[in-house]
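Going in written order, the chains are labelled A, B, C and D, and every chain counts its residues from 1.
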Amino acid sequence: MKIDRRCFLSLAGGLVAGHLLSPVPWKVTDDLSIWTQNWPWTPVPETGPVTWKNTTCTMCPGGCGIKVRIIKDRVIKIEGREDHPVNRGSLCPLGYASIQYLYGPSRVKSPMKRIGERGSGNYEPITWEEAITEVSGKLGDLRKSGKSHTVACISGSDKGTIPHLFKRFLEAYGSPNFIRTPSAKDAHETAAYLAQGKKAQNVGFDLENAGYIVSFGCGLLDGCGSPGYQFSSYSRFDKDHTLVQVEPRLSNTAAKAKKWMPAKPGTDGALALGMAHVIIKKGLYNRNFIENHSFGFEDWTDDDGNIHMGFKGLVKGYTPSMVSEITGLAAGQIESLATDFARAQHPVAVCGYNECTVSSDIDKTLAVHALNALVGNINQPGGMIVFSDPEYNLPEVEKDQIASDGTAKPRADRAGTAEYPQTRYLLNMLPETIMGANGNDLPIEALLVTDANPVYTMEDNETAQEAFARIPFIVNFSSFMDETAQFADIILPDHHFLEGFRDVPAPDGVGKPVTSLSAPVVKPLYNTRNTGDVIISIAKSLGGTIDASFPWNNYEAFLKQAYNDQYTDLSRSGYVVSADKPAPWESAFANERGKYEFYPTMRHTAGNDDKSKLPDFRQVDIPGDKTNDALVLIPYKSPRIASGAIANPPFMTKTIDADMLKHERLFIQVNPETAGKLNLKQGDAAVVKTPSGEATVLVDLFEGIMPGIIAMPAGLGHTAYSKFIAGKGVNVNALLKPVFDPTFGLNKAWGIRASLQKA
Amino acid sequence: MSTQTENTSNAPSNEPSPKKGATGWVIFAFFVIGFGFSLLGGWVGFPKMLYTEVPHPIDFNHALHMNLVYDGCNSCHYFREDGSFSGSPTLNECRDCHGFVMGINENEEKFVEEYVLQDKEVPWNIFSKQPDCVYFSHAPHVNGAEMDCAACHGDIGDSESLRSYQENRLTGYSRDIWGWNMSRLGEPEHAPRMKMMDCVNCHVEETDSQGSCFQCHK
Amino acid sequence: MTTPAFPEGVKRCGNGQFILWLLPAFLVLLIAVYAMFRVWFYGLNQTNMNDAYGFAIWIWADLAVIALGGGAFFSGFLAYIIGVKNVKNIINFAVVLGVVCYTSALLILGLDVGQPLRGWFIFWHANIHSMLTEVAFCLTIYLGVLIVEFIPVILENPKIQKNRFFHHMAHNMHEIMAVFAATGVFLSFFHQGSLGGVPGVLYGRPFAFREGLFIWPWTFFLFTWSAAAVGPLFTATMCRLAEFITGKRLVKDDVYRLLAKISGWMLLTYIIAKSIDTIYWATVTAPARGFTLMDFYSNNPAYYGIWILIAEILICGFLPALILITQKGRENKKLLFGAAILAIIGLCINRWVMVLQVLAAPLKPFQEEWFVYSPAWTEVITTILPVAYGIILISLAYRFLPLFPQERELNP
Amino acid sequence: MQKIPSHTKARHYGMVIDLDKCTGCATCMVACYSENNVSFRDDESVKLLSINWIQVYKLTNGKPFPDTEVCYLPQPCMQCDGKDFGHPPCVSVCPAVATDFDSPTGIVSQITTRCFGCRYCMAACPYHSRKFNWWDPVWPADMQNYLSPDVSPRMRGVIEKCTFCYHRFQQARQKAYAEGNPEDIGEDDYQTACTQACPSGAITFGDLDDPAHEVYKLKNNRYAFRLLERLGTNPSVYYLSTRKWVHRACDNYLENEEPAAFANKQA
C-alpha cells in the first residue's frame, strides 16, 4: 500500500470534517464568549440579606441623618434619612460618596509611626500599645519638665463629646490650648455674645419656616453649612418663598435665587446697614421688639452722662444712594429689597457659613444680626435662632498643681488674652507665634490634631506648613492619610464614622438644637480605634489626677454618662431635639439689661468712639498692591468639591465639570470683559499671582462673574489622600492671606488682590 | 521591476504524471480515520477536558434533614421579607442544631469542626448558580406560577448524598447549566438545564412571551 | 523539467527584486499587526475614539474600502450578467482587488468591536432590523462569493494546473462563475445599500437622517449607486497604477474607456440623485427638525465648511462625470484618470462626511462646540494596513496568476 | 419590541425634571454611581471618556454680567419611545439585540453581556446617553466591597447606560409577588435612585400614563418640554422651566420659530 501526500490531505480533511461535527468548535466559541461575560477580574458582588441601619453622617459639620443599606456585612449604599429633623431625606454628594472613604485607598489601617521626612508619607505600622506608650511617654516628659502648657490640640469642632474629651484631657493635663479651626462660627458666636450676652452660642437660621431669605454671600445651595438642612428647606420652597442672593458671582445659590444682587465683594455690611436705613425710615421694624427687648436702638446716655449714638443714628448715614455707591447696586433695588424684606412673612437675613471664605467680619455679622433684630425675627419661627450646646452630666476634672498652673498660662494662639479678650480660638495666629519663637522656647512642643486638616485648610498655607514643621511632636487622630496626617509623628487612626460611636450636636447653621448619634453600622474593617477610647487610654497611662479625671473604661461608657437619661432616646431614634421652642425674648438675652443690644456695650474696641462699637461698615483692606494686582481673587464653593478637612472622594471628583478641571489643571473664572483686556481666551493657560503665591491655571470665561473679579473653587490642590484627588488643581488657600481684625483677631479678608497673565 | 527573467518552461502539460499513487480506498480510509478521530475526541474526550469535577466541601444528606424539619424545603431555603430568596442556609441557621458535634457521621463532625467552630461559612457548590448578569427571582416562579422546587432543582430534596459537581473550566459554571448531555438533545439527566434558551422556551410556553431582556437580566 | 511558477508567456522580475519591492509593505504590515494586537489585548482605549466618536476613521475606512471594492461586483455584473465581453479582461484583477478590500473591511470590523470574542453574536443573535446585521451577513457571504471567484484564478497557476483534479475544478468553476457573480451582485447591491442605511436610518442624527422608500432611506440607494459608479473606476485606476509600476501594459485602452464610459454615466446619474437628495434634505428634512443647512457647515473647526459640499458634489462629482461621458475626456488618458481619481476622492469624502461629520455636529443647542477627533497612531496604521496588505496580495497574484489575459498580447 | 407577557400590566415609566428647581449639585450623579456600580478612574476630567448614567449640564443664557442666568440640566437616558411606542433610535440599530424596548415598562434595556461593543447605538443616540467602557473597571483598595449585587458590574468593551434603576422595579415586582399582588406596584414602591437622592426635590418619577401619579400631572404642565423633541425620539423624560431661553437651548429652532410653550405669547 502506498501512502502519499493525498492521504495526508485526506486525513486532514477528515479531521476537519469530524471536528466540525463534534461539539468542540461550537462549545468553545460559546464558552469563550461566556468567559468574556464573566472575566475573572470583573467583580461579582455577593448577594445576601439586606438590612438598613440609621446613623449620622460626620463628613462635614452638617449633621445629616442617613440610612445605610447593608448586605451581609458590606455597606452598599448611603441615603438620606427621611425622618431626620436636620435633613429630612436630603443629602449632599459627599454624604452619598462617603462610602468610598470606608473602603477607599486613603484609610490609615493601623497606628503608624513616621520613619521618613515630614510630609513624605513614610510610615511603619505599630501596635496600639506601642503607640499609646509613645504618646503618653512624650506627654508625661513634657509635663514633668513644666511644659504642660506647650501641648495643644487642634480640633475641627468644639461640639460633642470627642472635642469635650480633648478639652477635658488638656485641662487635667495642664494646658489652655484647645483650638478649634476657624469657621463662620467664630463671627456668629462673637456677635451673639456681644449683642445677646451669652458665650459660645450656636447661631442657626430657621430656613424651613422662613418666607423671605436675604443671603449675604451664604452658599446655601453650594454645599456650605449643613447642605442637607439647606437643601431640604429649599426643596419645600414654593412660589411664595423668596431667596435673594447677594454676591459678586453667579453661584449655584444665586442662580436659584429669585433675585441675584451682585454687590461688590466685601460690601455686604454696607448693604445690611442700608436696608436697616430704609426699614427704620419707613417704620417697618418690629416695634414691640425694639421698644421692649432691645437696647441702643436710639441714642442713649450712660451713667456718666455721656450721650452715645444709637443704631438708628448710625444707619442714618447709609442712605440708598450712598449704599448704592459702595455696593454698585441700584438705589431703587436696595430700597425695594429692604421694603420687601421687612414686609414679608418670616424674613431672615443670613451670612457666613460659606465654607470657602472663612472671613469673619464682625461688623458685617453684627449688622446682619441687627437686621434680624429689626424685624423682630430672633428666636422666632423662620428667624435667627440662638441656642446653647447640650449640657453634659460629668464629674469635675481633678487638677493637680501642674494642671492648675498650666491651664492658667496664656494661650499660644493669643485668644482670650488681653489682646483678643472676646474671641475663643485663633488658629490663624498660631503660625506667626511659632515662627516668632526661638528654637528652645517653642510655644507648642506637642500637638494633637483631631478631625482637622490645618496643613491644607489654613490660608497663607506655606507659612502654616513651615510652622507645623517646627513643632517637634505631632499626633494625628485622622482616619485618612490627609496632608496633616503626613506631618504627624504618630497617627492614631479613628474609625470611619460608619464604624464607631460619636455624638453630633448643633449642626452648622441649623435652626434647631438637634443632637444626633453616629453609631456603628459595620464592624471596624481595620486596626483602628475610636478616638474617645484612645484619649481615655492615654489619660489612664499618664496616671495621677489625669487618670482620675477619666473614670470610664471606654468612650461608650463616657458617652452614656454624658447624655445621662437622654441617651436612651438618642440611641433609639438616632437624634434628640433638646427644646421644642427657642428661648423667648424675655429670657433669651443674658447681658446686664436682658435685652438685645444694638449698641454692643461689651464690645472691646480699639478706638473709643461709638462708631467703633456700633457695627459700622469698614472696608477691609485686602492684601495686595492695587496697582500691580489689578484683579481680585475670591475663592468659591462648589457643591461638587468637598472643601473642608476632608477631600473629595472619587465619585465627587468624577462629577466636577469640564469647565472646572482639565486633567490636573484648574480653571479660573474670569469675566469675558476682563479676559478681553488681558488678551485671554477660553482654555488659555495663565498664571495667577497673589502676595501669597502663584499658580498656573486655565481660563474659563464666565459671564456670571463681576468684571475685575476672578474666582477659583476651594477644595482642590490636595497633595495627600490618593491619586484620585492628589495633584488635581490648586489649593486656593495657598494663594490667600488672612487680614486680622485688630480687636477680634479673626480673619476678615474675603479675597486677595491678584494678577493674571497669559502663561 | 524592469529586469525580467525569462519564463523558460513551456505550457504546463494537461496530463497528470503517470506516477502511481495511493488508491482511492486508501485515501478514503485516511479520511475516515481523521473523521473518526475528531468525532471521538470531540464527543468523548472534549467533555472530559472541558469539565472538571469539584469536590463538595462536605457531603449533605437532604433526605435526612427533610425528615427532621416541619416545612419541607422552606425550612432552610426560605423567602425573606422583601420577597428575596435566601438560597443556601448560612452557618447561623445550621448552628441551632449543629452548635457542637452530635456525632452522627464523619461529615457532621467535619462540618462542625471545620466550619461551625471556626465561624467559617461553607463554600457550597451551587448547581444552579447563574452568571452575574442573570436576574432570577424565586417569588414569581414559586408564588406566581406555583412551581414546585423539584420542577427546576430535581429531586435533590430526597437525595441522601450530593451528586457530582462538574465545573466548566472556561466559564466557571456548573455543568448543570448547559445540561449534561453534550448534544443537548434528549432528556436532561438530573434537573432541567438552565441556559437562556431553556428559560425562554418555558416562558413562551407558559406566558406566551419570552419576555423582555430586563425581565431576567440586570 | 520543473513546471514554471509564473503564468504562461509573461515576464516577471527576479525573486530578490520582488522581495525588495514587498519589504516596505511588509514593514507596514508588521507595525499594523502589532497595533492590532495592542488593540485586541488592551481594548479600544488604545484609540482616540470617545463617547461622541463611537464611530471614527475605521468605520470610514470600512465604508470607503467596500465601496471601492465594489468594482468587483459591478464588473462582475457587467461581465457575467449583462455580458459586456471586454470587461472580462479586467475581471480577475477586479476580483483580487475585491478580495483585498473585503477581507480588510472584515478585519477592521473585527478590530473595531469592544468584545471581539463575542463578535459572532451579530450572526447568532442577529437583529434583523439593524443595518449593521445586514452589512455583516451580506459582507461575509459576499466575501465567500469573492473567494469562490478568486479560487479558479488561483488554480490557473501553472504549478497547480498540473494537478488534474484542480485543473478540472478550475474549469468547472469557470463554467458556473456566472451563478456566483449573480449571487455576488445581488448581495452586493444589498450590503452597499445597507452601508448607506447605517447613517441614513439614524433619525436622532439630522445630518445623516434621510427619508426614503419603505424601510430604506435614500442613502441606501445612493450608496449602492455610488459604489457601482466609482468601484470600476477604482479598479481601472489601480490597474493603471499596476501598469505604471510594472512598466508594462496590462489591459487595452478600450477596456479603460469602456469602464470610464459606463462609470461616467453612472456617476452623472448618481450625482444628480445625490444633489436632489441634498436639496430635499436641506430644505425639508433638516428644517423640520429646526436645522438649516448652514448649521452643519459653519461655526466649527474649519474643516467642515461648505467647501466640503462643493468638493463632494461639484468638483468630485459633476466634474469627473462630465469628463467621463465625453469621448474627448475618455480619449485623453490623463483626463480619464484624473477624473477617476477625483471621483474616488469624492466617494471617500462622502463616506467620511456620512460617518464623521455626522458625529461631529452638535445637536443640543446648549452644547455649541463641535466634537473634535484625531485618530491615534493605532487607528492610522491599521487603516493603512489594507494598502500594505493589498500591495502584497496583488503583487503575489500578479506574479503567479494570469490576472490579465491581454498581458501576453500587449507585451510580446 | 417584544410581546407583553399575558399576565403583565403595561406601564410607561417616565421622569419630570424641574429645571427651575435643580441646583446643579450633582447629588443625582453620585447617588447613581453608588446605586449602579458605576466605575471611576483617576482622571475623569475628559467627559467624553467618563461614564455617567445621568449627567448634569450647565446652560447659560449668554447675556453679559449682571443679566447672566445659569440653568442646570440633569440628563439621564431619555428612555425614548421612538416612533409608535417601541422604536427608539438606538434599539433598532443594535445588531445583536443587546438593547430592547421593554414594553411592560417603556424602559430601554441594555444587556452588557450581550453587547459586543460595536457602538452603533452610541452613534444613533442624539443625547450621548450611552457610554462605552473604554477600560476595564477597577475598584481600588477594598472598594469592591461596596458593589451592589443588584446591578451587574460591566466589563471593558461594552456600552452601558441609565436603566431607570430597573433593578428597583425588579425588587418592587418581587415584593409584590411575595405579597400575592403581582400587579400592585405603587408610585412609592418604584423610584429611581436619582429621584430619591435629589436634595432639592427637582426630579419626579412614575407612570406617565397613570393619572394617579404625579408625573402624569407634571408632564401636562404648560411649561413641560422634552430635550430635542423635534427629532422625533419621543423621550420619556420631561423637563419643566418657565424660562424661554431654557426651552430654546434644549431644542433646535429656526429663526422664525418659537418653543411651543411660548408660541402664542410674549415671554
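Basically, contacts are C-beta pairs under 8 Å (C-beta built on N, C-alpha and C of every residue); 3 or more make two chains touch, one makes a residue touch a chain.
Note that the coordinates shown come from a computational prediction; the quantities given were computed from them, not determined experimentally.
Undergrad: Which contact partners do subunit B and subunit C have in common?
TA: Chains touching both subunit B and subunit C: A, D.
Undergrad: Count how many hops through touching chains it takes, at the least, to reach subunit C starting from subunit A.
TA: 1
Undergrad: When contacts are scored as defined above, which chain pair ends up with more C-beta pairs, A-B or C-D?
TA: Most C-beta pairs in contact, of the two: C-D.
Undergrad: Which one chain sits nearest the middle, judging by mean Cα positions?
TA: Taking the mean of C-alpha atoms per chain, the most central one is D.
Undergrad: Averaging over Cα atoms per chain, report the distance between subunit A and subunit B in Å.
TA: It comes to 56 Å between the two C-alpha centres.
Undergrad: Using CA atom averages as chain centres, what separation in Å is found between subunit C and subunit D?
TA: 39
Undergrad: Where the CA atoms of subunit A average out and where those of subunit D average out, how many Å apart are those spots?
TA: 34
Undergrad: In angstrom, rounded to a whole number, how far apart do the mean CA points of subunit B and subunit D lie?
TA: Computed value for the inter-centroid distance: 37 Å.
Undergrad: Among the residues of subunit A, which ones contact at least 2 other chains?
TA: Each of 32, 35-37, 44-45, 47 in subunit A touches at least two other chains.
Undergrad: Note the residues in subunit D that touch 2 or more other chains, in rising order.
TA: Where subunit D meets two or more other chains at a single residue, that happens at 46, 97, 113-114, 136, 153, 155.
Undergrad: For subunit C, what residues touch not just one other chain but two or more?
TA: Counting only residues that touch two or more other chains, subunit C contributes 115, 118, 121.
Undergrad: For a test of understanding, state which residues of subunit D touch subunit C in their complex under the given definition.
TA: My answer: residues 46, 48-49, 57, 59, 73, 83, 89-90, 92-98, 114-120, 122-128, 130-136, 155-159, 227-228, 230-233, 248-254, 257.
Undergrad: If we count contacts the way the header does, which residues on subunit B are in touch with subunit D in the complex?
TA: That would be residues 79, 82-84, 131-133, 135, 137, 139-140, 143-144, 203, 207-215, 217-218 of subunit B.
Undergrad: Provide the residue numbers of subunit A that touch subunit B in the complex, in ascending order.
TA: 1-4, 6-8, 10-19, 21-24, 27-28, 31-32, 34-35, 37-38, 40, 44-45, 47, 49-50
Undergrad: Mind pulling up the subunit D residues that touch subunit B in the complex?
TA: Listed in rising order, the residues of subunit D that touch subunit B are 2-7, 97, 99-105, 107, 109, 111-114, 150-153, 163, 166-167, 170-171, 173-180, 182.
Undergrad: Flag every residue of subunit A that touches subunit D in the complex, lowest number first.
TA: 36-37, 39, 41-48, 71, 74-80, 87, 89-93, 96-97, 99-100, 102-105, 107, 221, 223, 227-228, 231-232, 234-236, 250, 252-253, 255-256, 260, 262, 525, 639-640, 650-659, 661-663, 671-673, 703-707, 722-724
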